[in-house]
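In the two complexes that follow, chain A is the common piece, with chain B as its partner first and chain C second.
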Partner chain A sequence: MATVQVSEAEKVYILHGIRDDLRVDGRGCEDYRHMEVETDVVSNTDGSAKVTLGHTAVLVGIKAEIGKPRPLIPNEGYLEFFVDCSANATPEFEGRGGEELGTELSNILYKVFNNEHSLDLRSLCISPGEHCWVLYVDVLLLQCDGNLYDAISIAIKAALFNTKIPRVHISSDDEGGKEIELSDDPYDCMRVNVSCIVTLCKIGHRHVVDATLQEKACSVASLIISVTHKGVITCTRKVGRGSLDPESICEMTEAGRRVGKALHSPLIKLLQQEESLGKKRQKVGFLG
Partner chain B sequence: MPTDNKRVRGPEVSQSPSLFCSRPAGVLSSPGPRADGRQRDQVDVRPVFVRCGLVSQAKGSAYIEAGNTKVLCCVYGPRETERKDETDMKSGRLTTDMRFAPFSCPERGSWIQGSQEKDFSLMLQESLQPAVCLHRYPRSQVEVNVVVLENSGSVLAHAVTCASMALADAGIEMYDLVLGCSLRQDGGSFVVDPTYPEENSRRPSGGGGEKRGGLTVAFLPSLNQVSGLQSDGEMAEETLTAGIRTCIEGCYKLYPVIQQALIKAVRRAAPPPAES
Partner chain C sequence: MAVDMRLPTVIKAMSLSVSAADRKDMVVPGDVITSDTGFMRGHGTYVDEDKLTASVAGEVQRVDKLICVRPLKTRFNGEVGDVVVGRITEVQQKRWKVETNSRLDSVLLLSSVNLPGGELASRNDLCSAEVQSVFSDGALSLHTRSLKYGKLGQGVLVQLSPSLIKRQKTHFHNLPCGASIILGNNGFVWLYPTPGQQEEEAGGFYTSLEPVSLSDREVISRLRNCLLALAAHKVLLYDTSVLYCYESSLQHQVKDILKPEVMEEIVMLTQQKLLEQEG
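Here is the complex of A and B:
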């Protein structure tokens, strides 16, 4: 992750502020920065979304293709994640520099979305053992200012909400082979609530949500929690070079679950509102 | 953009014969006694066999066997780093590499992709880093290489234990040993130190069971700190915290065995002076 150098005096200042529930930019310990979500920004994809969280900007494009299901699980489709840390974000990511971070992010995404409750993979199956929908989720990091996991998960959630997968008919022709026909009207297949990731950084004795790069430099370890809209925890992971006390893990899990659960409903409402605007919506795109 | 070499899904030429035989449906997901006679809902870890100092060329090495899971770890270092940037001036660097032998899993190398191995290596590094006194080895690098010879469940937990024993055998200064323990939550009951079939049992279709997942914890016993935590599947928050406590208990159970093995290794290497 792009790092900033923080002096000792500044670290002490940040620590003391967080102890009193006041962060450098005036937020409380469990507040997010200003967030902007826009869907359907890239027309060549089946679903896309762009999320700006403070200065972190993430663009997700989803393309649905018809492929062969995995041999062990013949009646389900699957998702493929790929995170690209573009050199636009920081010069550290030039060439292969961003590959390590990208692999780490994609591995966590596989774990988060890899269970039956977050996404009904059986609905992606076309004919068992032969054809299924494969959703290629490609994440592009445009700007990096801390808290990548949260921004990426919100963007994936918005993009999946926006994804339209056409209905498919399988018919067998004369020789016994299968023919695939796509119907012409758009068909909304994805209306599921996928989980959101919340990152909690342990700074001093307290934890903060949505840490900036300076706050990250003061923390010893962070806990990544992915929470569904019902408050069920699907994936947790400790990242960072330090260690955590078991009691703080319990506190952080409880806080993460609370924050994650509270994040879902306003987001879904916003996405539904955006979709209902339809053609009248003013597109902000990348210039706003 | 870097070239995409992670998504090549060519046609599979050869397949394992186990795909073609009829699978016994959900035999292990039914709550019943465990296949190897251990208890459910209790901290019942498999008995481990550990030995240090098996690889003579490495600075330190350790081998752990728990049930059928066999993990070998070698430590090289402290060696001089090739890259000298500013952070290296103050503290050392710990690199970890965890690999699976292709014959280690029931399916030949097919379900472990390269990125999963990298994920395990990263988890291993995050679990070991808090325990090693890297500030005592500035401008140096310590390499930890773990090879899984046979994967029969909870491989990451045993790899963490094995790696910290190898670091101790190599004489690298550490604050404490790191022990790993894993758990599998299955509906209302849990099993500690799951075997491979227990870890990978598929959910019976349509079955309830909101709480179904796995958890791996890396723990420093004498400091009471958790250095690594990974969970997947789905769990309610209370289940997760209870699971963490159970894994911590499992680590405490393992601690005396590991200590004894290290003491034996030290005695073998430098026998105490005979009474004159």
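Here is the complex of A and C:
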């Protein structure tokens, strides 16, 4: 992970500030930084989104293909993740430097999203045991300023909103071969709705949401929570070398549930607003 | 708890009236500056087929027969007498290596530090110093031979581009809004709570780890966001511009200052005030 160096006196300043609910940039402990979301930025994918959260920028592209379901779970589709830490983000990612972070990120994404409670994997099934939708999710880190999981999950949610998966029907024809049938209506497709990830960093005796790299340097342990729009927690992970006592875990989980639940509706509203602009929307892309 | 999500918009270049006389001679790499061979070439230029060409993007400066191009965005090129704020990256036998946003790490020799308890600085500490000399390879040699320099205590560091800091007589300011600022020439700006009467006499060797009051914190956070807003719109930073920006931002909440439309509004008000003051 890209790290910044922070002196002891700066750490004390940040710690006391968080204790008083006033962070260095004036935010409260549960406020997010300014976020910008744009979908349909990569033309050769089935769905894509670019999310900028403060100075963290993430690009997600999704390709949907028909494949064979996993042998142990024949009536569900699945997602495949690949996270690429671009050297654009920080010189530490040059060459193979970003591989470790990329593998860590994709492992956690697998844990969160290949869980039937985070998203409805059964809707990705076409014919049990034989065909299902496989969504290949490619994540590219463009800029790194803390809170990667949240930014990646929002980008994945936006990209999946942008991915229209057609409803297919597989029938067997006379010779025993399989035929894929699409409905005549080009708008007959489905969308996958997923949960959002909230990262809570323990700093001193309090926790913060959306920590910057400096705040991360003052924290020794974090909790990663995946929350659906109904407020159901589907996955929890503790990261970091430090320890968390059970009371703080309960507190942080409750805060995560609250914050995560409140992330969904503004995002969906924004994405629907963007979709309603249709062709009139001025695409900003990467050179805005 | 608030989430501010929106669609991105194209950032429009914003500038108040620039008269033809004010327009500077800007070049990009590869632009021919002059075909006249009578000029001496300075930094940022090279000769290509008898034509003087720019190698960096910036403005052309002509001093008699010397032509050089001053780049708009560059690493800090220190000169003797510059005040810098740096982070100690390495502690060696007789010196410290300090990171000052230059091409090479600067050097702070132990012999150039004569403060009581000045040797107690460790790795990752911040310090303010002055450039004593420049080595032949371009590395800076720093010194803290004055009570106003030394190890920095609690506060906030803002890292900006060196070309945005205006050269002034003094870089240490106690702003009337209730905080103090050190505008390092290298682009590192340090914001800290104004020390009380007794603490100033003690000198720079005692770092207080007492919690800073909430009102001071708010002032410092607001100043930090104002600095970032000014830097985003490429406004020259000095005590007056920072103060005007602070005053223009008082009507907004501290965390709202970083929203693009609020930033634009505040910077426009600041630029207007600065123009009125000069005109």
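As a convention for this text, the second predicted complex is superposed on the first by the 270 of 288 C-alpha atoms of A that agree within 3 Å, B and C clash if a C-alpha of one lies under 4 Å from a C-alpha of the other, contacts with A are read in each partner's own complex, and residues count from 1 in each chain.
The rule we apply is simple: a residue touches a chain if its C-beta (ideal position, glycine included) is under 8 Å from a C-beta of that chain, and two chains touch if they have at least 3 such contacts.
Just so it is clear, the model here is predicted, and its values are computed rather than measured.
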{"item": "Partners on chain A (chain B, chain C) - clash or fit", "value": "fit"}
{"item": "Contacts of A:Pro266 with chain B and chain C, given as first, second, both or neither", "value": "second"}
{"item": "Apex chain A: angle to the C-alpha centres of chain B and chain C, given in degrees as a multiple of 10", "value": "110"}
{"item": "Which of chain B and chain C A:Glu80 touches, first, second, both or neither", "value": "first"}
{"item": "Chain B versus chain C as contact partner of A:Gly26, first or second or both or neither", "value": "second"}
{"item": "Contacts of A:Glu36 with chain B and chain C, given as first, second, both or neither", "value": "second"}
{"item": "Partner chain(s) touched by A:Asn88 [first = chain B, second = chain C, both, neither]", "value": "neither"}
{"item": "Partner chain in contact with A:Thr52 - chain B first, chain C second, else both or neither", "value": "second"}
{"item": "Touching partner for A:Tyr13 - first (chain B), second (chain C), both, neither", "value": "second"}
{"item": "Which of chain B and chain C A:Glu99 touches, first, second, both or neither", "value": "first"}
{"item": "Minimal inter-chain CA distance - chain C and chain B, angstrom", "value": "9"}
{"item": "Touching both chain C and chain B, counted on chain A across the two superposed complexes", "value": "none"}
{"item": "Partner chain B, residues of chain A touching it in the complex", "value": "67, 71-72, 80, 82, 84, 86, 95-96, 98-99, 103-104, 106-107, 111, 114-117, 136, 221, 223, 228, 231-246, 249-250, 253-254, 257"}
{"item": "Complex interface listing, chain C residues touching chain A", "value": "1-11, 87, 89, 124-126, 152-157, 207, 209, 211-212, 214, 217-218, 221-222, 224-225, 253-255, 257-260"}
{"item": "Of all residues in chain A, those that touch chain C in their complex", "value": "5-10, 12-13, 16-17, 19-20, 22-28, 30-38, 52, 209, 258-259, 262-263, 266-267, 270, 273-274, 281-282, 284, 288"}
{"item": "Residue numbers on chain B that touch chain A, as the complex places them", "value": "1-2, 4, 6-7, 9, 12, 15, 19, 111, 115-116, 118-119, 122, 126, 129-131, 203, 210, 213, 220, 223-237, 240-241, 244-245, 248"}
